[in-house]
Every structure is written in structure tokens, then in C-alpha cells.
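The first chain written gets the first letter, and so on, giving A, B, C and D; residue counts start at 1 in each chain.
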Amino acid sequence: MGNEITRAHELAEDHKEISVAEFFEKNKHLLGYENLQKSLLTCVREAVDNSLDACEEMHVLPDIYVELKKIKENRFKFTIEDNGPGIVKEHIANIFGKLLYGSKFHKLQQSRGQQGIGISASVLYSQLTTGKDTKIYSKIGDGKVHVYELHIDTKTNAPVISKEHTIYGNGRGTRIEMEVKGKYMKGKRSIFDYLQQTAVMNPATKLVYLDPEGKKHLFDRAVTKLAKRPKEIKPHISGIELGTLKKMLKITNARNIVSFITTEFSRLGKQTADQIIIGAEVDPKLSPKNLTFNEMEALIESIERTKVSNPPTDCLSPVGETAIEKGIKKELHPEFVATITRKPAVYRGNPFQIEVGIGYGGDLDKEGQATIMRFANRVPLLYEQAACALTKSLMQTEWKRYGLSQVGTSIPTGPVIFTIHMISVWVPYTSEGKEAVASYPDIIKEVKLGLQDAGRKMQVYLSRKKRASDIEEKKETFRKYIPEIASALSRITGNDAKGIKDKLNKDLEGRVESLEVKTEQYDDLELNKGKTEKEEIEEVTEELKEEMTEKEE
Amino acid sequence: MDTSYTKNIKEEALKVIKQIDNSENPNLQILRRSLNNVFFDEDKRIIKLGDKKETRNYFNINQAKKFMQTIKILAQINENLQKKTPNISTRQLFYMTRGIIENSDEECFEDQSESDPIIEDVEVVLDTLREELGLIATPDGYFVGDIKVKDLVTGDLLDYTKMGSGGGAIPAIVEKDVYEIVECKAKFVVVLEKFAVWNILNQTKFWKKHNCIILTGKGQAGRSARRLLTRLSKEMKLPVYVLTDLDPWGYYIYSVYKQGSISLAYFSEKSSVPTAKYIGMTTRDIIKYKIPKSSWMKLKDIDYKRIKEIKKYDWFQAKEWQEELTRLEDFKYKVESDAFVTKSVDFVVNEYLPDKIKRQDFLP
Amino acid sequence: MDTSYTKNIKEEALKVIKQIDNSENPNLQILRRSLNNVFFDEDKRIIKLGDKKETRNYFNINQAKKFMQTIKILAQINENLQKKTPNISTRQLFYMTRGIIENSDEECFEDQSESDPIIEDVEVVLDTLREELGLIATPDGYFVGDIKVKDLVTGDLLDYTKMGSGGGAIPAIVEKDVYEIVECKAKFVVVLEKFAVWNILNQTKFWKKHNCIILTGKGQAGRSARRLLTRLSKEMKLPVYVLTDLDPWGYYIYSVYKQGSISLAYFSEKSSVPTAKYIGMTTRDIIKYKIPKSSWMKLKDIDYKRIKEIKKYDWFQAKEWQEELTRLEDFKYKVESDAFVTKSVDFVVNEYLPDKIKRQDFLP
Amino acid sequence: MGNEITRAHELAEDHKEISVAEFFEKNKHLLGYENLQKSLLTCVREAVDNSLDACEEMHVLPDIYVELKKIKENRFKFTIEDNGPGIVKEHIANIFGKLLYGSKFHKLQQSRGQQGIGISASVLYSQLTTGKDTKIYSKIGDGKVHVYELHIDTKTNAPVISKEHTIYGNGRGTRIEMEVKGKYMKGKRSIFDYLQQTAVMNPATKLVYLDPEGKKHLFDRAVTKLAKRPKEIKPHISGIELGTLKKMLKITNARNIVSFITTEFSRLGKQTADQIIIGAEVDPKLSPKNLTFNEMEALIESIERTKVSNPPTDCLSPVGETAIEKGIKKELHPEFVATITRKPAVYRGNPFQIEVGIGYGGDLDKEGQATIMRFANRVPLLYEQAACALTKSLMQTEWKRYGLSQVGTSIPTGPVIFTIHMISVWVPYTSEGKEAVASYPDIIKEVKLGLQDAGRKMQVYLSRKKRASDIEEKKETFRKYIPEIASALSRITGNDAKGIKDKLNKDLEGRVESLEVKTEQYDDLELNKGKTEKEEIEEVTEELKEEMTEKEE
């Protein structure tokens, strides 16, 4: 028996705390560093996202320079420079040298980065693969440039500054230089692809990219007005978990349960608060700190039963239909673009909004499947297309109805590009790699409706186009057979063939005009044949109900 | 050749020219040959075309080419009749009218399947049969029996008791004006679906012993075999008995001889034998004559489907036929007439046919 | 019926019984009919079977059923011959031998496609043609011309100048012992692939004017048409000219009349006309006779494939044929003989055939 | 300008450190808590895995009791009890109340849990969804039972103990009770499914499961001998990253670079170390601490060029071919089982080993696709089957060659079950959810070879089986036609049919015997037609080469 006690104690000796940096050093694939190609892209993405976020926070039109230089086989120097606010000296080390350090984690606000883990993970990846420090230049507009060189001590998850000095320089902005192991590829999911997609959904941004082959790419501004800055909001009460409620009750300053509900949650009036409390059969004057466990449970159940108004939507800042249209046209040159910005909606208490764009024809590739560009808070999603709710919604949409070819529930084919943009204070990714949006029924529903809205616009365009070419074709057909008819009638009767021919040709011209009028009517008739928007919403809602009961979350 | 047809064609053409002069939509009025204008005439007991007409307009995108094709076929037939050319096949007519449309690479007719229905249209427009317009189908079939025919084109006297082992070929055109029956001592006609069965009857001189005509159309009957049988029935007043396979396809072959077919309803009016009787094989015969199991073939899905279809046809509504069709479904097998030899080679000659005829054991 | 066949069958059966008694693997020796035993006899210029034999063993899993089937067909033919039953079709023979194997639900023959090759085996085993064993194929074809035949079964005298517009049917059996040519004044034979073309020649009395026989097998030639042509060539010494479509299928039909076919090599030996000439249509005729473009049909992939195959056949190795085949490939179109009417209906009668025959402008 | 400085400072104020518990509270889907059904399963899995690991560490035959009780709609009480070593008092709170705390993280050793994150995440999930504390009973064999009730303070990632007392009790082991929100489902990926698969690959384990419907399931032991305990090893030098090398050089006690290489890495003799150092053109007497950056790079490049022997394999403990066979037979009752334990191999310096089992026929479902059970270090992988390297390898294997039906590169069909087990000191999952093995070329290669090994065994069985039935069928065929032949010959000749028939039947019996001998020869002939193992290895290696050049890591 003594032996066994020893064994348990022996085992116990091994237990120790693990630093989060150590954890992610071993699990870097969780953060998008899975292979050389993707790792290089991840570094660029994290930095570009940060720059865009910073510029927007300062409400300045973003002007970003990206450079990739090949040092040797599978080794690159990556440089980025922006015209954002810069970073105050005291925070530089922690922002780049500490995982889980950031400004946005506790906020409910639409932004690109969310976890305070992105750029510091790049630093970690850089030091792990090349052993080099990352160099940061920051100007906050006070005439100085703070220059740091640093890496992360993974044992303690803390920055190690190897060099630090200040020089003089005008303007504002941040510049980062790092060396990373990576692989440079062209085509799909390339850095060019990522930057181009970024340009599409951030039309107020100017991007310059110097690629490893020394070629300079300019993605210019399509609009010169920044979208309004999204506001921070309080959490919404619907879908709150018991554990979260318990924690909030503990730290609130509210004196009673009514004021707790009306002050700590988004858009909750006294009337609704009363309704919730009555439903829970709880004393409304009770201090939040004194609620028993059973009362909390009753409260949760009552919240679930009570209809509460949606959260405010000024926390969301869509790109807008016109701006997306310009972005698509500038980068991809289709002959037609339809864009839709849906009204805000809510999934599990989080406000979100869907924007859809469809480009058709023009320079787009006629062969194969349509291109899908997915975005979350203006960031392109490049990987895991198949696992993404945005793609799934697209595939489940019946595109034949809108004039595209589609086999079963697959991606439609033809010269088409789709952009699907989800904005939210909290985008539910399926993994920290930020590649795919999770399949919440409410999200799928909104995307489908957005696609259908845009699909209807496209279908009107396509059928107009088809009608016009149909009339031309008909005219040609009628013209074609006239000589044969005239000659045959002449052979039978002996009448003059040319006379018959001329008369028929003259008659044809008159008829085509009336035909064109008729065709317009056809147009209307055919559109009426399609489903109304109301019917489509009902249909989509019905489908989702079934799904929800199957895999309830 | 009857010159009235060229006159009619010219009238049709002049009508169209007048429409053109008046800036009307040029059109032809054609009896519809689609299902909804085909009906079974309960009194005359034949399949007929109704009187619904279809207007074939030139300025209608779905009819334009057909309109042109119709005029073109009319012109070619007109020319053939005027020149008194020999009879030609529908495929030959297709080639004669096929030519490429000027300033295009499109042909007036892409395929014979486009010209064939137009020929039928022309038959109804001119109220005649294609045979009268110098068009023939490839004939197929043989017959023998005590009948003499004078061929008015060649002047030959054809004696169908002296046609040797091969029998007499049914010619492509058996119309009165070229094929005159001068004598007929035969008392009835037995029609055989299968050549092999006809051949046994011929070899064993069944027709001589029973003083009848035996005729085979080698499967589904061709136009001239049907016309010939119609003449034997109508002009010579000969009773007609039909022996086919015991399966829905056999039943249907019988019904085409008797009442005509839907697809050629217009021809059917002129080629039908409403008094014909179905001699067999019937499901009851299987038991009565103990037809061995090695003659049976399992009915397939397609057979059942065909039985269901046939059951619905107006001309199969007689109680006897409805019962027979149900019995066949229940029996689950078909029996080809070739298979009679499993009893014995002369069973059909010496037992089956004489017995059935003696007892007048027919289906209507 | 020749009793020597029943004797031969009995000998074969006794051989097998002896093998069984000796515990040998029961077997039949059968001339192989597969490609590797078919060859083109350059001297006789016909397709022949070689002398390779196949041993059909009972105790071989791939041959057991075929062995049983062969014995069974032999037994049935033996019985038919002994009973002197009328001639029957191969389908009828299939039914007579089909019966279900005892203690199983398997049939001796599932399908006619199983019994047909066994019949060919029996033909080679007994060194005869099926027609001699009382088996017939459904005949198809017509001919007319100055020839008289006595049908020795019926006693009828058949005068093929007096067959009317329909012409004379080629009977199923045209063997000497039943079908005796008693007089033939015609000087040559023109074979037409297409009935429609034959029919124009018949209507215009081409045969009378040129004193010839015109014959059509209605497409790919049947057995009796080939046998008849062989007899006209060998016994009457008539030159034979063949007119087919200008396409690889037409060429091949000609070659079957002339040299026979691979699949029926054994029959080919007895049914071939090595002296036959190809009268047309040839690619050169297209230009020479200015055949209009509306007669042309684009060659399809399957046509090109067939041309390539034919080019390799031993009996198409003559320089003239190789060149013709290449010209056809280059021409890229085929021309059906039906399409001659695009020139004029009587073009083939009054211009093409007389001219070609006069100039003896043939392919070998 | 003053304004802008303010803005940068304003932004700076928001920056703060984020606790790892907070991070995972928001990102619980990263740890397998994606929906109610999966969350319930994840809780059970983490606990069962811990129990099995603990028993094995103490080398005791595991005896585990699992109970799920439904409290109300979507609420369960989960209890687990094992006969492991228990946990010493001082560590209980941290093990259950702190994320990233564990004994296995820094070890290179084959084990189930790896990150020190599993069971504490369950506690976090429990408190979040039900607000309840988790109760732990621990007996380490000293006659006492330590009872704790606790939850996690997410702000600090530290345990909060609400109750704590000690009572008396004999034996050893741990018991956990927690209340969680969840959904109970049957069928695929159910808790029963997971436990059954665990029983298959842990044949020395006895599991008792009381399900929410009150039904008791016993998964009994198939063998009574535990596999040997895997040893801890040092890292292997191949595939080492520059950053890692740099870190190791800094903390080593080795005096010179040669002894650094021979002592800090697994299985590296002086000869190989010299070779590496000569290749890098580095002074062998140099102290590790004094290496310049360029020298480190030269060292890495030289390591990549040098052939080093594989790491030791005593760190791996396979289940073994016999034990897996017994496990499969006991739980699934197929008519035939082939198992293969491959020799250890290495991916990126990590030793690993593949074990494959194929069960055929018997009680297995004849319809549809084969069942695939995937395991990593004896733990069943239930989700993300399609994304897993084990599945991909199986689908890329040409199963027709081994007698199964397969359409293209899909899962073969028929009454077949596959078990694929990967063991390693470091299993590379595609995500922290531990559901799918990442597609390293070396892993795919080993799995394919293992499947082919087992496939060959199965094919021999299947073709023997087929041969035997073939002979019977042939005999039957020959017997069948004899009466027809006899009767036909009799009809022709008049000879007695019965005599011919009897003679033929007698002859047949004699022939069948010789036929059986011949058939055995056929067997050999057909096997020779297949590819040899050597050819297959070459083929697989060739395929992988192509893949590697495409998506090099």
C-alpha cells in the first residue's frame, strides 16, 4: 500500500502550470500555421487586419504597403507599413510579445481581430522558425519613432526586448519587419488573392503590394468615404448561459434585480425587465448578489420565454451596397453586379448583418464553378470553404430559379462571382484559424435571403438580356425561310418568286416591332412565376426549423 | 396519276399567296393528327381523325420552319405528279426536298423524321393516301391462296395458288387502279403475325385444304399489307381471322389490322377490317390445348406497362378483351406463336386452327 | 430430306457414349468459328473457315452447358429430320429445345442467342447448311427478270417476267433440290442494296430493256438472297453487278455478296460470288455525275471507325479499294443510293447504270 | 496633432491581458463544446481518458464506472469512478480548477491527454451552463477520501473551492460528479458508440455504463494483461526548428556542442554528432551558449542533410495484434479478423506506430459503407472522419485489389469494419477538439502500408472462402446437366438413358477430387498476380513524394 501512495505522489510531482505561449507554440496549427504556404499568408493577414482596424479606429483612409522579399529558399522577409494611429511606447512590447493581450477581447464591437492573439502569434512563429526577432517602428504623431526588436519568452508568455531606441520622424503609423519560414504560391489562396479580396470588401482602402518577384501591385481606392465606425454594445440577454449570468450578478453594481437587467444588458426597458422577473417569480427588489441558485435558474427560464427586442444595430457597420458594387467592379470587371445589404439580425443574442454581391459576365471566367469570396467583418476567408455556413447557404440555394446552372446542391457554374460578407460583434468561427463561419440557423437564414434578394436582381438582368437576344434570333429565323417559301410557291403556281419574297420580308419588319412589345410583357409574366420574397422567407424558415430540431445547439 | 391532286395543290398555294398579299400571317389549315383529335368511332368501329384543325402560321417561331417545309413538300409532290415520275420512297422524297437554305448552313430538312410527319400533313390536306401521290413504303409480307390478281401496270396475271414455296410478295401498292382482283375462290383469310408460322401453313398447304388465303405482314403490319387485307374484307367480303403472339404486342398488332392505329389515324380510316376476329392465341387456349411451359416467357415490366395501356384504349373495352387482358396479367407469361412447335410442328396446322375455326372460338 | 444427316448425328452421339464408357472427358470436335480460324482464301477469293478444331469438353466449367446444348440440338434436329416435319425457324427450334432442366429452374437455353451459335456448330459438325437440316431464316428480298424456276415441292412454274409491280419474293429455301432453274435468258444480274432503288428499276422496266435480273436483299443480304445470287452466278454464269450506298456499310454489303462474311464463314464458302463487281456508287462518281450536295450526309465517327476497320480486311486490299476508302475519308460525306433522286428520279435508270455498265466502270 | 496623440493614447488604455480561461470560455467550441450533444460526449471522453491514463500509469487493470442521469430536459448529472491511483490532496484543486495545468505537457510520452486542458475545460463548461460546482472524490490508498467542490475563476484562471472535507474510505481511485447541459442521443457518435470503441482498443479495460434510460451496459475485459507502459523520451533531432534549437542551446548544461547534441537529443551517437558538426563547419568545442545566429542556421542545414537513426521505440506501447483481434471479436463478432501492428516510424522527429484491424462478415452489417473506427493513443476519434489522415489513407487504398467493393476513392462497401490506431508521443491533431489526425505524408504512408498488410491477409481469407464455394458450385453445375445429356443421347441412339447418366455421375465424383487439388494451385496463381509488399511500399512512397512537393510543410 505504501508503494501506491508513493506512486500517486510521484505522479503529482510532475504537475505544473503551462504557459499559454508554450501551448500555442506546440499547437501553432490551431492559429493558422499549418504549413509553409498558409503560415506565410497568416502572417500577412494578421498584420493587414490590424492595420485596417487601426486606421478605421482613427477614421483615416487606410494606406497600406506590404512587401515580401525572398531571403533564401523558404525564407521571407515580410514588411508592412500603415498610416494608422501608431502604438504608444509602453504597449508595444506587450502587443507584440504577449499572447492573449489586446484591446478588443472584452468589447462587444465589430472588428477584425478579436482575440489579442494574432500578431503576437506571428512573432512566435517567426522566432520559432527563424530564430530572429521582430522589428517594430511606431509613430503616434509626436514627431518620434519608437523602434523595438523583440521576441517572446514562451515559458512566461512575456516579451523579451533585445533592442529599443527612439529616433525622430514625422507622421503616424506602424511598420513591422519580420523574417519567417514560408512558401510563396500564386493562384487561389495566394497572398495576391487575399489582398485583392480585401480590396473588394474594403473599397476605401489603398493597398500597395511588392511581391517576391519584384512586381508591384496597386489596389486603389474605389470610394473615398470610410464607413461609419461601429459602436461598442452591451451583451444581449437572449441566449445567456446560467454560468455567465451568475458571474455578471456577482460583479454588477446594480442595487436590485430590475436595474441589473435594464443596465447590464443591451436595450432592455423596464417593462420587459418586469415581465422577465414576474415570469421567474423572483422578488424584484432583491439584490443581485443575493439570488439563490434556483432563482437564477428560474430567471434563465423566464428569459427564454420572454420576447425581447433585438439589440441595437449601430454597433454594426456594413460596407454598403454601392461601395461593394464599386469594389467588385473595380477589381473584377463583370458586366453586371447586384449587391444587397440585409437588415441587421440576431443569432444567440449577437447582432449581425449579411451583405451579398453577385457579379456576372464580363471578365469573369466562363468555365467551371462560380467563385465565392467569403468575408467576415471585411476580412476574406480563404480556407475551409466547404465547412463554412456562408458556402453552405449558397449551395443550398436553388440557383436554377435565378438563371444559373447548378447540379443538385452544389456550387453553381458559369461566369459568376459571389461575395458574402458577415459582420457581427462576435463572428462565430468554427476554429481559431478564422476560416469558416459556424452554421447557426439564423445566420444561414439571413445569407440565404440575401443571396435570394441579389439572385432576383440578377435574374431580372439575365432574363432581360435573354429576351433581347431572343427577339433578334426570332427575326433571323423568320428571315431565313422566306426565300424557300417564295421559291416553292412560285414553282407550284408560276407566280413571281421575288414579289412573294419582298412582300414577306416587308411584313416581317412590321411584325418584329409588335413582337418586341409583346416580349416585354413576357418579361413580367415570367417574373410573376417566381416565388415572392415572403414565400421564400417562409420556405427558408421552415427548412431551418427542421435542421434546428435535429442538431440543436 | 389523278390530275385533281395537282389542282388541289395549286389551290392551296394560291390561298397562301393571297394571304401574303393581304399581309395576313401566312397559314395552312391542317387536320390535327395529335391524340386529342383521334377518336374511336363506336359505330364504324374504327379509329378516325376528328375535325379539329390546326392553323400552321409562318410568323410563329415554333411553326415557321414547319410551314416552309410543308410548302416545299407540296411543291415537290406537285412536280413529281406533273412529271409522272415512278413511285418513290419517303426517304427519297426527303432527299429531294432536303437542300441547304441559302445564306446559311441549315438544311430544309435535317432528318427524315422531319419530313415524314409533313407527308402525313399533306395526305390530310389533300384528303388522299400517299400511295396516290406516288409515295410508297417498303413492302413486307407474303400471301397465298385461291385468288387471281391482274397487275394493271405490267399487265401480268398473278395466280396466288402458283407462287411456289416462297409465296407471293405483297407489292408496295395494292390500290384498285393498279392491282385488280379478278377472281377469288378463297372463303376466308387467316393472318399470321409471324413469318415462321405462315411458312409452316404454306408448306403444309393449309390454305388449299381449307380453301383460304394465308397472309403474313411479318410482325407489325406495313401499309400495303393492311390495305390488301382491307380490300379482301370489303370487296371480297372474306371473313378475316388473325393469329398473333399471346402478349400485348400481339393483341395490338391484331387491333391495328382491325381498327387501325392512333399514329396513322387518317390512314386507318381507309385501312381497317372492323369485322376481323382474333383467333388466338388466348390465355384460355394455353390451358385448353395444354401448351407446355417451355413455350412460356415471363412477362417483363415493359409488357405489364403495355397491358395497362392497352386496357385503356377505347377499342379494347369489350368485356371479352378486358377479361383477357386481366387473365394475361394474372398468368404472368407470354407465349409467342413461334412456340406452338413445342407441342408439335403441325399442331397449329392440324389441331389448333381447324378446331378454333370450327368452333368459331374468337375474341371480338 | 437426306437421311445421311440422321446417320451422321447418330455416329456423333455414339462416339460420345463411347467416351463416357471409357471415363474420358466427353467431348465433341468442332471446327472453330472464331476469328483466328477464319481466313481469306486468296486463290478462291472467298472467306473460309480454317481447319482448327475446338474440343468441347463436358467437364470444363466454361463448356459444360454448351456441350449439353449441342447434344440437345443434335437430338432435336435428328427427330425433326426423322419425322420429316416442315422447315422451321431457328426461333422455333429454340423453343423446341428450351425446356427446363429437371430439379432446377434453369432453362436449357435461356435465350435464342444461346441456341443460334450451337446451330452453326451443328452445321460445321455435319458439314452442311441449316437449310438442309430443315431450318430456315426469314427471307427478305425481291427479284425480277427473264428467268423461270420450277418449285419442286409445289410443282409451280415461276416466271419472273410476270410477277407484276411487286416482283417475285425470294423464298426461304432456294436449294437445287427444291428450286430448279429451268430457263434463264437474262444476261446479267444487278443487285441493289435498297428496295426503293430496285423499285424504280422495276417500275421503269430496266430489266426488260437491258435483259437482266434485278435483285434486292433489302439492306444487308439474307441467307437465301445470297444463296440465290450464288446459284445465278455459278450455274447460270451470269455476271453480277452490285449497287450500294456510298459508305463503309454499303461497301461491306457488297463484300458479303462477293466473298461472304467472317461471322458466317462456313456459310460464306457456299454463298459467295467472287466474280461480282462493284458498280457504285463510288467517290469518283460523285464528281463525274455531279451528284448534288443535298445528297451528301456527313460521315460520323462510327463511319470513320468502320472505314478504318474495312481498310484492314484482307479482301479489301486491292489497290482500287484502298484508294476508294481513302478518298471516302477525305471526301467526309456519304451518299445513300436513295439520294440519287436528287439528280432526277430516272437518273439511275437512264443515265447512271447504263453508262457504268457500258464503260464497264467497276471496282473489283 | 494634439488630438491624434490623444487617440493613440486612448486606444492604448483599452489594452489588457486576457486570461486563458476567459479565452476558452468564449471559444469553447475549440475544445469540443460545439453543441449540446457533442458537449456531453466531450465531458465523458475527457474523464474516461484521464481514468484510463491514470490506471495505466499505476499499471492496474482499469475498472471504470460511468453513469449519466437525466435531471431535466437537456440537463444531466455525469458521474465517473475509477480504480486508478487517485490524486494527492494538494493538486486536486489545480488539476480541476486551472486550465493549462498538467503532468504530460512537457513530456515526450505516448498518453491520452496531452494538454492539461481536458478535465478543467469540462469543469468550465459545467459551471458556465449550469452554474454548479464540480465534486471530486480522491482516494490515494491511505485510508482517506478527499472531497472537493470547486469551480474556476475565469478572470484569474484559478480554482475556487466552495467545499472541502476529508472522510475515511479504503482503496484507491477518483470519482467525479458534475452537472452539465447536454443532449443524449443514440447511434453514431453516441456515448455508447464511444465506450464500445474504447473497449475495442483497450481490451484490458472493464467498463460499466449506466445510461440515462437506466440500462446497464457491460464492456468486459478481453485480455487480462496490460500493455507495457510507454517510456518518456528526448526529442529527436530531425525536423527541429531554428527557434526550438535556439531555446535549447540557451538552457542546456552541456559544455560543448558535441555533448549538447549527444545528450539533449534522442539516440544520437558521437559519430553522427561529429558528422553534423563537420557538415555545419562549426567548431565542435564551442560552448552551446556562444553559437552565433549564422552557426545555428548552418547547424540546422547540416542536420537536414545528415542521415540520423530513428528515435527509440520503447516510448511507444502498441495494443498488439492479438489483443486488437480479441477486442474486435468480443465487441463486434465478425467471422474473420486480420490485425497488423506496423513497426514504429517517424514523422518530423516524432516516433509513431500504426495498428490496423479489419473485421469481415459475421454480425457486421452487410449494407452500405464499411465502418471505420479511428483511434489515437487508444482514444476513439468520433468526429471529422472525412478530414482525418487515417480515413484519407483508407480511401486512397485500392480495396478492389483485396476483394472489397469500392467506387473510385471512396470508403469500400460491405460487411467490413476497419480499426486504425495511431500511437505517438505527439499525435498531430488538426484541432484541439482531437478529432482528426493531420495529413503528414509519413503517417499516410504507414497507414496505407498497414491497411495493405491487413488487406492482404483478408484477401487470402476471402479468396480461400470463394474458392471453396466455387468448387461446390462447379460440381453442382456438372451434376445438373447430366440428365439432359443422357436423355438426348438416348433419343438419338436408342441407348439406355439411365446407364449413361449413372456413368457420368460416377465419373463426376472422381473428377471433383482432382479439381480441388487444381483449385489450390489457382489460389497461388491468383495471389502471385497481386503486387508484392515491396512493390506496394514503392508505390505508396512515390505517391507521397508527389504530394509532399505540392504541399510541403
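Keep this in mind: a contact is a pair of C-beta atoms (placed from the backbone, for glycine too) under 8 Å apart; a residue touches a chain by one contact, two chains touch by 3 or more.
Note that this is a predicted model, so its numbers are computed, not measured.
Spelling it out: a chain qualifies if it touches chain B and also touches chain C; which chains qualify?
Chains that touch both chain B and chain C, as defined above, do not exist here.
So the centre of each chain is just the mean of its C-alpha atoms; given that, what is the distance between chain A and chain C in Å?
75
Measure off the straight-line distance from the CA centroid of chain A to the CA centroid of chain B, and report it in whole Å.
Taking the average C-alpha coordinate of chain A and of chain B, the gap between them is 70 Å.
At which residue positions does chain D touch at least two other chains?
Nothing qualifies.
What is the shape of the graph in which nodes denote protein chains and edges denote touching chain pairs (line, ring, star, complete, other)?
ring
Taking the complex as given, what residues does chain C use to touch chain D?
9-10, 13-14, 16-17, 20-21, 23, 26, 58-59, 61, 64-65, 67-68, 71-72, 74-75, 78-79, 101-104, 106, 108
So in the complex, the part of chain C that touches chain B is made up of which residues?
80, 83, 85-89, 91-92, 95-96, 98-100, 107, 136, 138-140, 142, 149, 151, 153-154, 156-158, 162-173, 178-179, 195-196, 199-200, 203-204, 218, 292-295, 336, 338-339, 341-342, 345-346
Of all residues in chain D, which touch chain C in the complex?
Interface residues on the chain D side: 474, 477-478, 480-481, 483-485, 488-489, 491-493, 495, 500, 503-504, 507-508, 510-511.
In the complex formed with chain D, which residues of chain A make contact?
Listed in rising order, the residues are 1, 4-5, 7-9, 11-12, 14-20, 22-23, 26-27, 29-30, 34-37, 54, 57-58, 85-88, 90-91, 94-95, 98, 100-107, 115-117, 127-132, 140-142, 154, 172, 181, 183, 241-247, 293, 296-297, 428, 430-432, 438, 551-553.
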